[in-house]
Amino acid sequence: MDLLGLLNINQLAVALSKLNMFPYFDAAHYIVSVMSLREQPGALDVSRRSPFACWFSAMLYCFGGAVLSGIIMAEAPIEPLANSTNILFASLMWSVHQFNNSPHPIRLVLTAMKEVTRTWKVMGGVTQASRKYKDSLFVMIAVGWAKGAGGGLMSNFEQLVRGIWKPETNELLKMTYPTKVTLIGSVLFSLQQCQYLPIQRPQLMLLYTVFTVINKTRMMLLGSSFSLLAVVESTLYQVLFARPVSCSPLTNQSNSSSEVKSTSCVTNGSTPPHEQDKKKNE
Amino acid sequence: MDLLGLLNINQLAVALSKLNMFPYFDAAHYIVSVMSLREQPGALDVSRRSPFACWFSAMLYCFGGAVLSGIIMAEAPIEPLANSTNILFASLMWSVHQFNNSPHPIRLVLTAMKEVTRTWKVMGGVTQASRKYKDSLFVMIAVGWAKGAGGGLMSNFEQLVRGIWKPETNELLKMTYPTKVTLIGSVLFSLQQCQYLPIQRPQLMLLYTVFTVINKTRMMLLGSSFSLLAVVESTLYQVLFARPVSCSPLTNQSNSSSEVKSTSCVTNGSTPPHEQDKKKNE
Amino acid sequence: MDLLGLLNINQLAVALSKLNMFPYFDAAHYIVSVMSLREQPGALDVSRRSPFACWFSAMLYCFGGAVLSGIIMAEAPIEPLANSTNILFASLMWSVHQFNNSPHPIRLVLTAMKEVTRTWKVMGGVTQASRKYKDSLFVMIAVGWAKGAGGGLMSNFEQLVRGIWKPETNELLKMTYPTKVTLIGSVLFSLQQCQYLPIQRPQLMLLYTVFTVINKTRMMLLGSSFSLLAVVESTLYQVLFARPVSCSPLTNQSNSSSEVKSTSCVTNGSTPPHEQDKKKNE
């Protein structure tokens, strides 16, 4: 690639980094969020019995990141409500899309656009954290993650709003694809913020956005969850955490305990984590 | 009504708006709250096994509004404990009334007085929100509602303190009368705060207080939950949310899903919401 | 005891009060916390299936006090992550000790050292509260308690991270030994802070530390939970809360209610609370 090509990519990156999420990308985020909520088992029924709980649940899907990052940073979780335009806009999307399916090609485009908003949200969280906690890498990672994947990380409590309680699973026990990819993004943007990465922010934003959009589109088109993450992850898991089954005298005790049964865990420690991706990939 | 009558009503409204809740109305609020806690199934048993959990639960009933509005506004939820007088006063009411029933006529008066405190709490929440978020109608409504109906909105977690967990229901799925009437009050006071209503604050306080006191007293006397809200609500529901049953291809799928069964929902979408009032009307 | 002895004790107290918890005492706290987490039923299995949830759970054990006191004081619960040294140190202890048992004598020493950190944490909480809420005894007690026993008080939600949900019990319904002894410490340090106690802070720190270390060591050595607290507590309970069983017309109703059955409570109100200590004495 010659100098001109590099220049063009840099210009593209800078142009992208100045892109405004409102209204088109935000709209895509709200629509895709509402459609994934609608596909949750029992959600349609709740929307008939209690439109308010359903609306509140949809707002947690749309603004969960701002709520969760607000809680952990001791900033008001009510903050998203202060932006009336966004709330009304999301509510409009909710009232239009909660009973209607988009055709597949349109949904593909909307999902790709939603992936773009992820970059902005993660970066917003990292920047927000770095203002209050300078040089604190872990806080930046956590807040960026919370802001980008808040709805998923709070899913137990979002379900509770709809009267559903599934304590045996959560996004930390079984990370879904969006939670994982957001964590990776948050790590990268935090490292960049602390100047540990030899890359400018616009370039990183371009790279990460291209990665998430392509990966997600491929997952939707191929109808499977095969993603670039799975290989990396499986290797990492084997290196870091795989241990012989007989390493601890407490194993048998814990296997026979009632808690394990009640949570119906898969007790086979060697299941690679990427298999869990297949269930939920919004 | 002639000019003299209008003057008198205005004077009454202004006098009412200067009424001090402490100690008589606060006491009524604490006593009625403790008595409703006592009537929860299992509460008496908890008060024997673990007086501390029972006391904590009672404080959540008495100060739930301040705790919840504190959480959503990122102000300290511990704040109510800082007012030692109120805490000691509420604890005294708790220790006196947790095992004793008041005669019905006295309870009627106390409940009416408790309804009066609702006006002050909702208005306090709206004012608190408007200091931080000027002109933000939604935040005012939410904080006023949280402050006035906090105990109810947090009921899942208040029950958890007593070892009871009922995820299949909550105040958003099935709003009870006090939650609804507080929401209406919060909307009205927020609209007044933003000057969308052609009414002064003292007049609105008088009107709302008279409405809540009369409505609640009638509900207690007639032993039913027939309230002025039900008609309005039923109409609103039919207009806004009633849809033909066959409008979505996902209906059958969601009806047969395991989540719906496990939460034992009433799947008949046409039940008007005001029937749910009959169960709990504290 | 002559003047020289008193002088020496005062000097010892002052020297103790200047003791630095980092790194040795903090390390002991982290190790003992990780080992108690490991002994929870099902924890080992979780550490295989989801190392991240297990690490997060361990961090809640280690830094639960800071998280909980942050939440109730509206300070950022993410704060512990800002101290990278402590987080890395705790994570190191977690990765080393999550699969290994320490021999009993070493564990005894570590547990005694962990008890020392309790004094510092409770006092830190009381001081933190007194900066924001001067003269407010109740807030100081609550924050000191939350800071010293946060992991325990949040145990329902810590278990939820690991996919375990036990709503029928919590630390308020059934206080364990560390929660109780922390509450006593918090009351004492708060009274001292408000100058209601005729004792200097270093002396109180020495006394409380000696009390907790000796009491805990005795409990570990004798393999029982017989502690100095039990006698005091049993007397207090009888005086304050024991009532004749037939005092309330609601008793039968509450005994036969479904909630009581579903939470499988012991309905015998006369069980003295110190018997509950035997189950968990971390």
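Just so it is clear, A, B and C label the chains in written order, and each chain counts residues from 1 on its own.
As a convention for this text, a residue touches a chain if its C-beta (ideal position, glycine included) is under 8 Å from a C-beta of that chain, and two chains touch if they have at least 3 such contacts.
No experiment lies behind these values; they were computed from the predicted model shown.
*Asks:* Mind checking chain B against chain C and telling me if their interface is mostly the same residue numbers on each side, over half, or mostly different?
*Replies:* Both copies, chain B as well as chain C, present different residues to each other, with under half of the numbers appearing on both sides.
*Asks:* What's the rotation angle, in degrees and to the nearest 5, for a C-alpha fit of chain A onto chain B?
*Replies:* 120
*Asks:* Express in whole angstrom the distance between the two chain centres, defined as the mean CA positions of chain B and chain C.
*Replies:* Distance between chain centres, rounded to whole Å: 35 Å.
*Asks:* At least two partner chains per residue is the criterion; list those residues in chain B.
*Replies:* Where chain B meets two or more other chains at a single residue, that happens at 74, 165.
*Asks:* Taking the touch rule as given, give the residues of chain C at its contact with chain A in the complex, in rising order.
*Replies:* That would be residues 38-39, 41-46, 48-53, 56, 70, 74-78, 81-82, 84, 87, 99, 101, 160-165 of chain C.
*Asks:* If we count contacts the way the header does, which residues on chain B are in touch with chain A in the complex?
*Replies:* Counting only chain B, the residues touching chain A are 71-74, 129, 132-133, 136-139, 142-143, 156, 165, 167-170, 172-175, 237, 240-241, 243, 247-251, 253-255, 257-260, 262-263, 265-267, 269, 271, 273.
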